[in-house]
Amino acid sequence: MKANHSLLDLLLEAQTLDRIPRSGFVMRGVTDPESVTEHTWHVILLVWTLGPRIAGIDVHRAMEIALLHDLAELRIGDLPRTSAPYFPDGAKNTAESAAMADVLAPVAARALPLYEEYQQGKTAEARLVKACDKLQLMVKVAVYERWGNGALAEFWDNPDNFPDGGFPAVRELFEELRERRNSTLRERFRRSARSPAATAAGGGGRRPSGRGATGRCR
Amino acid sequence: MKANHSLLDLLLEAQTLDRIPRSGFVMRGVTDPESVTEHTWHVILLVWTLGPRIAGIDVHRAMEIALLHDLAELRIGDLPRTSAPYFPDGAKNTAESAAMADVLAPVAARALPLYEEYQQGKTAEARLVKACDKLQLMVKVAVYERWGNGALAEFWDNPDNFPDGGFPAVRELFEELRERRNSTLRERFRRSARSPAATAAGGGGRRPSGRGATGRCR
Amino acid sequence: MKANHSLLDLLLEAQTLDRIPRSGFVMRGVTDPESVTEHTWHVILLVWTLGPRIAGIDVHRAMEIALLHDLAELRIGDLPRTSAPYFPDGAKNTAESAAMADVLAPVAARALPLYEEYQQGKTAEARLVKACDKLQLMVKVAVYERWGNGALAEFWDNPDNFPDGGFPAVRELFEELRERRNSTLRERFRRSARSPAATAAGGGGRRPSGRGATGRCR
Amino acid sequence: MKANHSLLDLLLEAQTLDRIPRSGFVMRGVTDPESVTEHTWHVILLVWTLGPRIAGIDVHRAMEIALLHDLAELRIGDLPRTSAPYFPDGAKNTAESAAMADVLAPVAARALPLYEEYQQGKTAEARLVKACDKLQLMVKVAVYERWGNGALAEFWDNPDNFPDGGFPAVRELFEELRERRNSTLRERFRRSARSPAATAAGGGGRRPSGRGATGRCR
Amino acid sequence: MKANHSLLDLLLEAQTLDRIPRSGFVMRGVTDPESVTEHTWHVILLVWTLGPRIAGIDVHRAMEIALLHDLAELRIGDLPRTSAPYFPDGAKNTAESAAMADVLAPVAARALPLYEEYQQGKTAEARLVKACDKLQLMVKVAVYERWGNGALAEFWDNPDNFPDGGFPAVRELFEELRERRNSTLRERFRRSARSPAATAAGGGGRRPSGRGATGRCR
Amino acid sequence: MKANHSLLDLLLEAQTLDRIPRSGFVMRGVTDPESVTEHTWHVILLVWTLGPRIAGIDVHRAMEIALLHDLAELRIGDLPRTSAPYFPDGAKNTAESAAMADVLAPVAARALPLYEEYQQGKTAEARLVKACDKLQLMVKVAVYERWGNGALAEFWDNPDNFPDGGFPAVRELFEELRERRNSTLRERFRRSARSPAATAAGGGGRRPSGRGATGRCR
């Protein structure tokens, strides 16, 4: 497979990004997990919503970086995190840059500097996208846990999943998310520990209680 | 898309009902949720089993109403419940009636009065179908919860999901279902709270206990 | 697994019918094939639409037979047609009757005579359901072929798939279906054989033609 | 469901957009069709790549419009096109605006004017997004056809699917896409019409020919 | 469907084994459950890893038996366990033998004696494959439970799922598996019972703890 | 992720191989494509059936090599072929060996020499497995094409997909497969080009012809 020749080549190839599932979820038994395309859209949304809360960020450049940041996966796939120690240092980065150059050839002049900026991770915009890349991961983990997946707890124990890029607005959102997730688990535990037992004993509970909103996470 | 011209047009179009997933489950992360077709079959089964327990019900007319009650979704889709407040009062009903007329055109004389009866909801048969429409929902919720979905608890708190149409036979089934669901949750809680710990402590439990049937919900 | 004890047992078990895919389609590479539940609903619809075209049919009893006719698959699964020669004569029928008795135990008095009538296949109602069982199969085959499945042609060559139960109304629908299917294939062949070539030669075809309706099969 | 209270509410709700399949594909038998999220990401990519080819476009505002343009579907679902004639004029637009206001409440000041601009469709940016909304549709249709779906030909006959917003760059891409699609069909026809027959006759063809690249559409 | 004529017939038919889901999981709501092909590969792996721990086993013959043991399902499907009481004694075995003879006709001389050995279950190799057939089942059950499926607990209570074939190496692995499963449940219970509550109370827990490895089951 | 400590660690990790789809099919729009586990089982079957046709092959060692040959994908994923040019020479091989060592640590003494033999590809057994690795690919391509996938033709043009390892038995099977595939396409072309037209003209064809077996590829 060579470098894309025309914009149409690029657009047609890009459609297959929808069929690449996120490998971290695949390996943990999530059925119908998000695609790389879906992940990427959520990262753009995060950048767009958080950007204005951070002084000095060029929101639009950050959105462009987010738009493109995972396109190398069209050629390389979504390598699982477990693959990292088996490749030589820097091999994955080098491969991604080369794949990016081929995928984005028809728009190379605009695209490749943005990707290089992302890989180097030094500008505020690059740091914001990297932080949102993980923030999106953890938002989705919270949603999948709420839907019933049971094998994702380890994500919450890994500090690498909580980079804030130095931005308080990101850190606060991570904290709020963790608290929301814990609150959902607590609510679920309370329901299964208490109410059904009471129901059995008292014969009540057949009418919906007036307890109001459940700890809503959606 | 126009009114169906022949019975074959209707039959071919009806096949696509199998591909319309029930939106309430889609939005709560149920993977491979029931289709509108599947929902409808279960409603007919409910009507057929409950009908004879209710004095004066014309079971066959109720079955016909159930058979047809969701066919407008072939043209309109399965609008999520959250959409209701955003449309003008009555707009959804009007749209469904018009879609029904086009879908069922080849059998209009028999079909449309049945649908109108359903929408008005005054006859015992229409009320029974409406009650079974929700009863089927809650039976499926119980099954999905047992299979592991964690985001469906709120259904049990919404009184709108428990209409009995004025029929004791329906009310009793709702109550029995709620008790069964609670009993399944209790059993699960007991297992996870106690037995594994005991096993770990005592080294026993490696042989299956003779405890007999698990609280079976299937 | 024993006979169902209560109506609720039956209703909960029946939900799993949605997860049993039709084996004939599974073995021919149809992705996301119809479930046994979906098949059954379409058979009821067929019975309801065709019944009144046949003198002397009790449409409602036929609908009841259709509703129940495949419920033994909850215990036995959807045996592929290829399995038939490997079992002793009558073994499958015997197994289905016994499974039916267990599944439908809570409504045995009403249900089992209907199933026995179906198996014997002598009454007009039983013959109509058997014919619609195949008619539904072929309608779905036509739809899957139109959607792109390429391995279903053999169904059209098997006379067993076209029983008319002695009813002209059924025979006519089979014929109309076969003609519709052939017309769809012809239209597809014509498009791929001619128009793109013309387009390439003449540079036209970029504007949609005014040719009117495509041979619509949905 | 009320207006989202915090940014986290919005982010959590937005994750479910991944589970809403595009109804036009669902109804035509595409298995595992793109989600609304995936569609949206591709529209942003189109806007970003085409924008600079159009004088006077504010690419970044257009990207923001694209990012948000389908978020009302979180509450309303992806209404199939066939539903349009059944609702009163303007009802869908009104519903979408109201749903947007609730979904995007935490970022209303930035978001709602962008959506209003999109609905009115007068600015160059709004017209570009509307054109790319259809361009993405047709690119995906071309990909699904190449993968084997057989029921999508009618899309190419509907002029509403080819709005160019008045921009030559969009029109050219539509034309190039149509030619690519026709060329792929031609190549497929040629292969099935000729080469296998030749192979059968001559016994050759067992070794891959040196014919070079196949008419590649991916 | 007749006996396969050539090796290629057999190989082509064998590909469809990938589409036959294991019925025990289907009926308990596991989404995207393992196929019969996948089950079989894991049984071979088990045989290959456990064989050398058992004195006197011919590992290679055992691997051959494992490779072939479920191929009759190509013709008969994966009959659910619930079907057993509905067929005459021995009917399933007879059917499987006959189906095997047809499927494996092109390699009958090598294949059929291996299958007969398996059915009789007397040799050490046949007993090992039978034990691994269940061991694989329970390993998968443990994995699906960890991923969130909630309806599989009954498998652990059925002594038929824990045959050791008389081999201590198998028995030990069953015991280790049960302990691992219990430990995973315990860990999950502890997390949901304690830590979120603590988090809420103390405001801590927002930073990942240094607690080290989670009770890892994958 | 570290080296597996116990056999049970290995067995639990191996279950996730079922969820890794073969990337070459994913990227070409095959829905529900085979998993790496499924691919591997078919390779073992091929080795077992072809081995005895080749003088001097140790079938059992070849089966062991086949059993293990893709297990590195548990850590690295199924890298698409398009990724190859982006990594340094040998990087993929080195990564796979290291991943293999970690995955198979509990059985290292038996497993690693087999994998090294495979990578070096010099023994007849290693060459046979490598040939069957591609033969399985092409058998599956033929099946997916028959089922309707339209984007796989390029596989037949790539000589790398037809390695025979120097064994006539393998070469003959490749040739027979290609002829079977061409014959299936020819039959399909003939059907769509001729029979429906004839049917339309003559009004015949409603009864199945006595033509006997369709060009059966399953």
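Order of writing sets the chain letters: A, B, C, D, E and F. Residues in each chain are counted from 1.
Going forward, a residue touches a chain if its C-beta (ideal position, glycine included) is under 8 Å from a C-beta of that chain, and two chains touch if they have at least 3 such contacts.
The structure displayed is predicted, hence computed values, not measured ones.
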Handout entry: Shortest walk length in steps over touching chains, chain D through to chain E
Key = 2
Practice task
Give me the chains shared as neighbours by chain B and chain D.
Solution key: A, C
Practice task
If we define chain centres by averaging CA atoms, which chain lands farthest from chain C? Would you check?
Solution key: A
Exercise for the section: Averaging each chain's C-alpha atoms to get its centre, pick out the one most distant from chain B. Expected result: F
Problem - Length of the line joining the C-alpha centres of chain A and chain D, rounded to whole Å - result: 23
Practice task
With chain centres taken as the means of their Cα atoms, state the distance from chain B to chain F in Å.
Solution key: 43
Exercise for the section: Calculate how many whole Å lie between the centre of chain A and the centre of chain E, each centre taken as the average of the chain's C-alpha atoms. Expected result: 34
Handout entry: Set of chain E residues in contact with two or more other chains
Key = 16, 19, 27, 29, 31-32, 143, 148, 150, 188, 193, 217-218
Practice task
Make each chain a node and each touching pair an edge, then name the shape: line, ring, star, complete, other.
Solution key: other
Fill in the blank from the handout: Per the touch criterion, the pairs are A-B, A-D, A-E, A-F, B-C, B-D, B-E, C-D, C-E, C-F, D-F, E-F
Exercise for the section: Would you tell me which residues of chain F are touching chain A in their complex? Expected result: 1, 16, 19-21, 23, 26-27, 29, 75-80, 82-83, 85-88, 91, 94-96, 98-99
Problem - chain C partner contacts - residues on chain F that touch it in the complex - result: 31-32, 143-148, 150, 188, 191-193, 195-197, 199-200, 205-209, 211, 214, 216-218
Exercise for the section: Can you check the complex and tell me which residues of chain E touch chain F? Expected result: 6-8, 10-16, 18-19, 32, 34-35, 37-38, 40-42, 44-46, 48-49, 52, 60, 63-64, 67, 106-107, 110, 139-140, 142-143, 173, 176-177, 180, 217-218
Problem - For the chain F and chain D complex, residues of the former touching the latter - result: 27-32, 148-151, 153-154, 156-159, 162, 174-175, 178-179, 182-183, 185-186, 188-189, 193
